[in-house]
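Multiple structures are listed underneath, in structure tokens.
Two complexes come next, and they have one chain in common, chain A, joined by chain B in the first and chain C in the second.
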Partner chain A sequence: MSQPVMVASTLQAPTVPDSRWIYLDNVRQKKGPFTDEESFDASGEAVSAMEKMKLLVIGAGGLGCEILKDLALSGFKDIHVIDMDTIDVSNLNRQFLFRQSDVGKSKAEVAARFVEKRVKGVSITPHNCKIQDKDDEFYMQFNIVICGLDSIEARRWINSTLVDLVDNENPESLKPLIDGGTEGFKGQSRVIFPTMTSCIECQLDMHAPRAAVPLCTLATIPRQPEHCIEWAHIMAWEQEKPFPKLDNDDPEHITWLYKKALARAQEFNISGVTYSLTQGVVKNIIPAIASTNAIIAASCCNEAFKIATSTNPSLGFEENYMMYSGNDSIYTYTFKHEKKDDCPVCGNIARNMEIDPNFTLEEFIESLAARPEAQLKKPSIRSEQKTIYMQSPESLELKTRPNLVKKMGELVEDGEEIGVSDPSLGSVNFKYRLRFSKPFKSH
Partner chain B sequence: MTEVVTDQTPPLLNGPTDKEKKYDRQLRLWAANGQQALEDAHILLLNSGSGTVGVETLKNLVLPGIGKFTIADSSVVTEADLGVNFFLDEESLGQSRAECCVRLLQELNPDVKGDWFPKQKGEELENLLSVDQKYTLIMYSLPIDPRSLALVQEYSRQQKIPLVALHSAGFYSYFRIILPGSFPIVDTHPDSTATTDLRLLNPWPELSDFAAKLTDNIENLSALEHGHIPYVVLLLYYLKRWKESHGNYPTTYQDKKAFREFVSAGARTDNPEGGEENFDEAVAAVLKTVTVPSIPSSVKAVFDHKPDDAESSSSFWIIADAVKRFYEKHNELPLPGSVPDMKAQSSVYVQLQNIYKAKARQDVAEVLETVRSHPHGNEIDIGEVETFCKNAAFIKLIHGADASPVSIQTIAENEFQSDENAPLTMMPLSLLPIYLALNATSHVPSASASDILAIISKDIPDAASNPRIVKVAEEVARANGGELHNISALTGGMASQEVIKIITKQYIPIDNTCIFDGITSRTQVLRI
Partner chain C sequence: MLKIWSMQQDANADAAAGTKKKKVTAAQLRIQKDLSELALPSTMKTDFPDPDDTLNFTLTIEPDEGMYKGGRFHFTFAIPQSFPHEAPKVKCTQKIYHPNIDLDGNVCLNILREDWKPVLNLQAVIIGLQFLFLEPNASDPLNKEAAEDLRSNREGFKRNVRSAMGGGSVKHQTFERVLKT
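Right, the complex of A and B next:
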């Protein structure tokens, strides 16, 4: 190559001066071949309607930072963000709105200020609290809710809250819910129209909880480094109480657990206990990187943009779920997850649940946490006839506690419907129809 | 059995360093060696057009800590840039886009160096590429002027540097990776469920002896001992008995189902639990672990590859050849040596682990001997041989862009033919039209649908009669060369994952083009 070349001098994209949103307007003010003409409005009115929309972003972590950036540059003007967490140094490799000097500050507040400052004309209102602290009236004000969360529990709470909010007389009460999640190079994004399409609870079995290691393995026959760490975490700590309360973020506490686990591993000739593994097991750390967050957050915001503008069809009523995997090449699978009639949150019939009637109520309650389709950790249970067990208030707990040792066959009939509630998941009543898998032996 | 030394070097009791703390969540994916590779990397971005997709890609590389990046972009920041590019602000208006983006990207990570080009107006791209500067990887965003493109392509070919092309417009995008020659990967990170290799149908003497000893008196073992025989030992025991009565191992699905029953019948049920967990584990493992290990096609591709002169003196190909000879001799790959967790007494499990580890070490020693006999074999680190042997069943070779090229006509024919069957096969439609339409605007800032169709028709003569191509061309024309931030952020996310895989030589990169459709939310990977 001998000819001198200027750097890309001839390829400035075509623009008009003072046209900040010209690229968005290319699609907002011009229909395309796939645009649904009935819902699309090319006039400037649609743009100003979009600017008046209120969006709620749940989570200001890895996904949340990306979502706020993406929404601000999608033309949304009124965004709220809710997160109770403060910034940790291990967030800085991906939560790009935060700097070293922000460590310890509220994620929601720092993220909101940053994006407001960077993108002129956008308003971002931070809420430094738990989602459970807000009432129905708060959630009612939004047009679209986007979640970037790392906890199944919080997702289930907002899902059941938005399903509950739907009032058939009031179309405004239906808030599209867009949810993203990542782990390492993998992730998923999904769009939910509460009560109309498959909800988070319908899809719960796609996110089965990790099987817990039996306590007797930890106590007597550890084989893996993780077993030694769990032993230190669950048993040694309780026994020795080196500090008043375990703080997963305190390096001194993690070091104590690490040393305990290491000693135990050496006793059993088990190799592989490290500080990093100890921290990973105790805090249940999920690997997270900027690039995967970028993919999933942008996918969520692309769907929000299409829902808000009708510029092109969105996920939702047909395909509603995109799975992404980047471990081996790039593989995505976009499909329709069907709504379940027996979904405990959005369905109208009770879900069948097989139980052994010879289990005690206590054993049944424990099994609810592990069942992929239930995953209820602190359930209160009512049958059609009576209250079987209540976690709170204390007086009711005391009154129903004797039932814990009774066998299920004594408390319910085969085929009876029970209602289960778990305050961490909202006010929803999960309905199950119990089917006995074995004959009940009363004695 | 030879004595087994357990590798128990006590780890340091120090907590993590500051860097380990900051990068904790990614070190769990690519470990210290992957991180080092990133920190040694220098990436060049040739930016043009509406200029966002490349910057979004860089953002996801600056955050995890690449060593250095350079942006070459002669554009001046306009109002429209501020509506799509997050790494510009009000103060940037009228200034060099390269310099402003570098400044705001660098804020993300003080450990990363950033530089921009041109420093003076009118400076030529050749100056940047002729400087004695070694880039690890070069990215360019489209549309790009043809002469710059030719220059950077020529440079990457000569210097053997991977090249990444990025094109995002409206709801569509694609990116393409051009590797300079074949790209082998050892550390592919297969799913842990896929890696179990227990050699149950071909146990070596130490393993058979161990199993025989534990099951010698199986009927009379105490409840505790019986309930804690590792499932590997149970399966070996029942396989031996099955073979004695049937003359061979269970191989068909029917046989294996019967074998499962046979194992299950051995469990004691006269206990409070009404069964034994180790037997449940054994029954559940039959279909997956009672198999003759076969050699995966990706490994066969490595064995069949004839490395050229430059390749053949590299450690990968020297080890690959030694493993191939190992395979030819034993009809098995070296044993990975890991044992999944299973119900067992601690000491028994550790003994079992050690038997597998010892065999794995023995296999490594044999491979190492072959490696050492190669003229360059003495320079190869034993750790590299160990890693190779451990991952032998999952090694992967991606061919360079120049190897066995297929014409775009042939690709189009295949894609559109399978589209015709799509209603029957329920497969999604090909995204090739998106690539074709974007590719038609590689060197122009915007184009009409008919311009785009005219260019596609040069390669695909009947393009205008394919309604999908026509519609996609209209959609590309609608965007008028402008990026949508979401699509560029998503594409930048995917491209940065691929760049990380290439730089760390971990996980498996795409081969070689990924097309994204933001309307249906689908991707497709094609070799183009």
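Right, the complex of A and C next:
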């Protein structure tokens, strides 16, 4: 399909494949007032280096759709997207890569196909699974990771995974993490250089915990339809257990809660309990605003572009957090969130430690006291699977005491990580990745 | 330049392989710290049915003063993986007569819900629970009858507490015997 293009006759019309990128190339190949002279490379090589970069987008929902489109139109060519969800009819108002006929299909797959079709030359690889299903090797292949998630759990997981990937011997192991988030008319975008700048765990206090109503209000003097729903959710369900386990996505379960809430609302003369409100309260749904998603995604992709091209300073080392509010006119504020020394994720990077697996746990604990960085007097130790030894409380000390005479090889595997805490350290924890210096002889 | 990077990447990928999911989680690490810093008075004890699972345990409170003196009260603690972003989930496992604890064991304690903050720790929650037995309060009722009794007739309320703790009935409700002896 040809479109008339107005060009002065003396100028050569740009060839079709390049015309889309002409303004982008102005930015990518010309120095601007804020360009860092040292890292900026105006040659075509910089453009092709950017095109070789591999990006991972986490989430293909409201933010993810915007992010994928923006990245593809920013000149990135190799993008992966991961999302375990399927398309629901209620997504269609803002998740614009999906159509009615896509309902029930994988978000990652449909989004990838749509953007590939509309932006020629971009490759988008979908992964229809949980982020936790992928191992370190998978995350190692990317240059930049961009999150468009609505769950704090998933953010914390990817944050700690990227922090743990960092290997000081290998600059490629440092993956800038760009995180976007929206809640109604509010949103934020932030850039994290794992282990170097304040991480998601450091910034956990920026997420206001879900506003909760006192339990006694729910139990005795409900005033709002939400109170009746919360009551049905927290108290009536627990008391009557109509199904073994509450499944927020099961319409039968939501209907049960809805009917309970409705009856209670009638009892207290409260109006407004509906099925969809019940679903919203139980699943903690905050109405998503398409324009907030668009603004936050644009900000995230702008940061990815700046990191990839060095055309302009990005968020990260100085200011690292941009908050946006569209509640009362428009307001943005950008600031530096400080890294926390006692952050349980980036404040203590797992150090490698060689141990003789034939040492007993008691001997191992004694050796910890001698380590200069730790000087642990009363360490408590656990692995992901096992509580290896706890100095307190008493009940745990008693139960873990028999481990003291066991050999380390019985308690941990080669390469396993342990967490060590000690009350004398205040809030600092240590993590060690244990490597066996000798084979383990079990007898 | 890129070639060298990709070679390094491969070498590192080998090293990283096989290390999947053997990491102590942030919640585990934080609760380990909270547990090792716990300073419990002799009236409280923890128990870990599965010592490897420090996210689920029970707390026993034996008040040595106040209206609930002589009782032994059990609570379950379930620490979510989102801890400390979210508060521990705490329930009383016995059917007891208390204005701030309902017959199903739900507990009305502000720091377990509306006033929870990630800077609070396990110690704060446990001390808060103990306080409920020293100073039950009628203004945050979960058990409306008990709260009403406490408000209108403190002496009658005390008698009800004693009889409920002994396994007796209060207003047609039979309670669990929770006395130590």
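By our rule, the second predicted complex is superposed on the first by the 290 of 443 C-alpha atoms of A that agree within 3 Å, B and C clash if a C-alpha of one lies under 4 Å from a C-alpha of the other, contacts with A are read in each partner's own complex, and residues count from 1 in each chain.
By our rule, contacts are C-beta pairs under 8 Å (C-beta built on N, C-alpha and C of every residue); 3 or more make two chains touch, one makes a residue touch a chain.
Worth saying up front: this structure is predicted, and the values here are computed from it rather than measured.
In the superposed model, A:172 makes contact with chain C only, not with chain B. Note on chain A: of its two partners chain C and chain B, the one contacting more of its residues is B.
In the overlay built on the shared chain, the residue A:215 is in contact with chain C alone; chain B does not reach it.
When the two structures are aligned on the shared chain, A:270 is found in touch with chain B, with no touch to chain C. Touch criterion met: A:280 reaches chain B, while chain C stays clear of it. Look at A:413: by the touch rule set out above, it reaches chain C but stays clear of chain B.
Of the residues of chain A, not a single one touches chain B in one of the two structures and chain C in the other. For chain B in complex with chain A, the touching residues are 6-8, 10-11, 13-16, 18, 20-29, 46-51, 56, 59-60, 63-65, 72-75, 78-80, 82-84, 86, 89-90, 107-110, 117-118, 122-126, 143-145, 147-148, 150-151, 154, 170-171, 188-191, 228, 341-347, 349-350, 428, 443, 445-446, 470-472, 474-475, 478-487, 489-490, 492-494, 496-498, 500-501, 507-511, 514, 518-523, 525.
Here chain A touches chain C in the complex through residues 49, 52, 132, 135-137, 140-141, 152-153, 156, 160, 164-165, 167, 170-173, 201, 204-205, 207, 209-216, 219-220, 234-235, 238-239, 344-345, 350, 378, 380, 382-387, 390-396, 399-400, 413, 415-419, 421-423, 427, 429, 431, 433, going by the rule given at the top. Against chain B, the residues of chain A that register as touching in their complex are 1, 3-15, 17-24, 26-27, 30-34, 66, 69-70, 73-74, 89-90, 92-94, 96, 99-100, 117-120, 184-185, 189, 217, 221-224, 251, 254-255, 258-259, 262, 266, 268-271, 273-276, 279-280, 285-299, 301-303, 305-306, 312-313, 315, 319, 322, 326-332, 334. Residues of chain C touching chain A in their complex: 2, 5, 8-9, 12-13, 16-26, 28-30, 32-33, 35-38, 40, 45-48, 51-54, 81-82, 84-87, 100, 102, 104, 106-108, 110, 112-114, 116-119, 140-142, 144.
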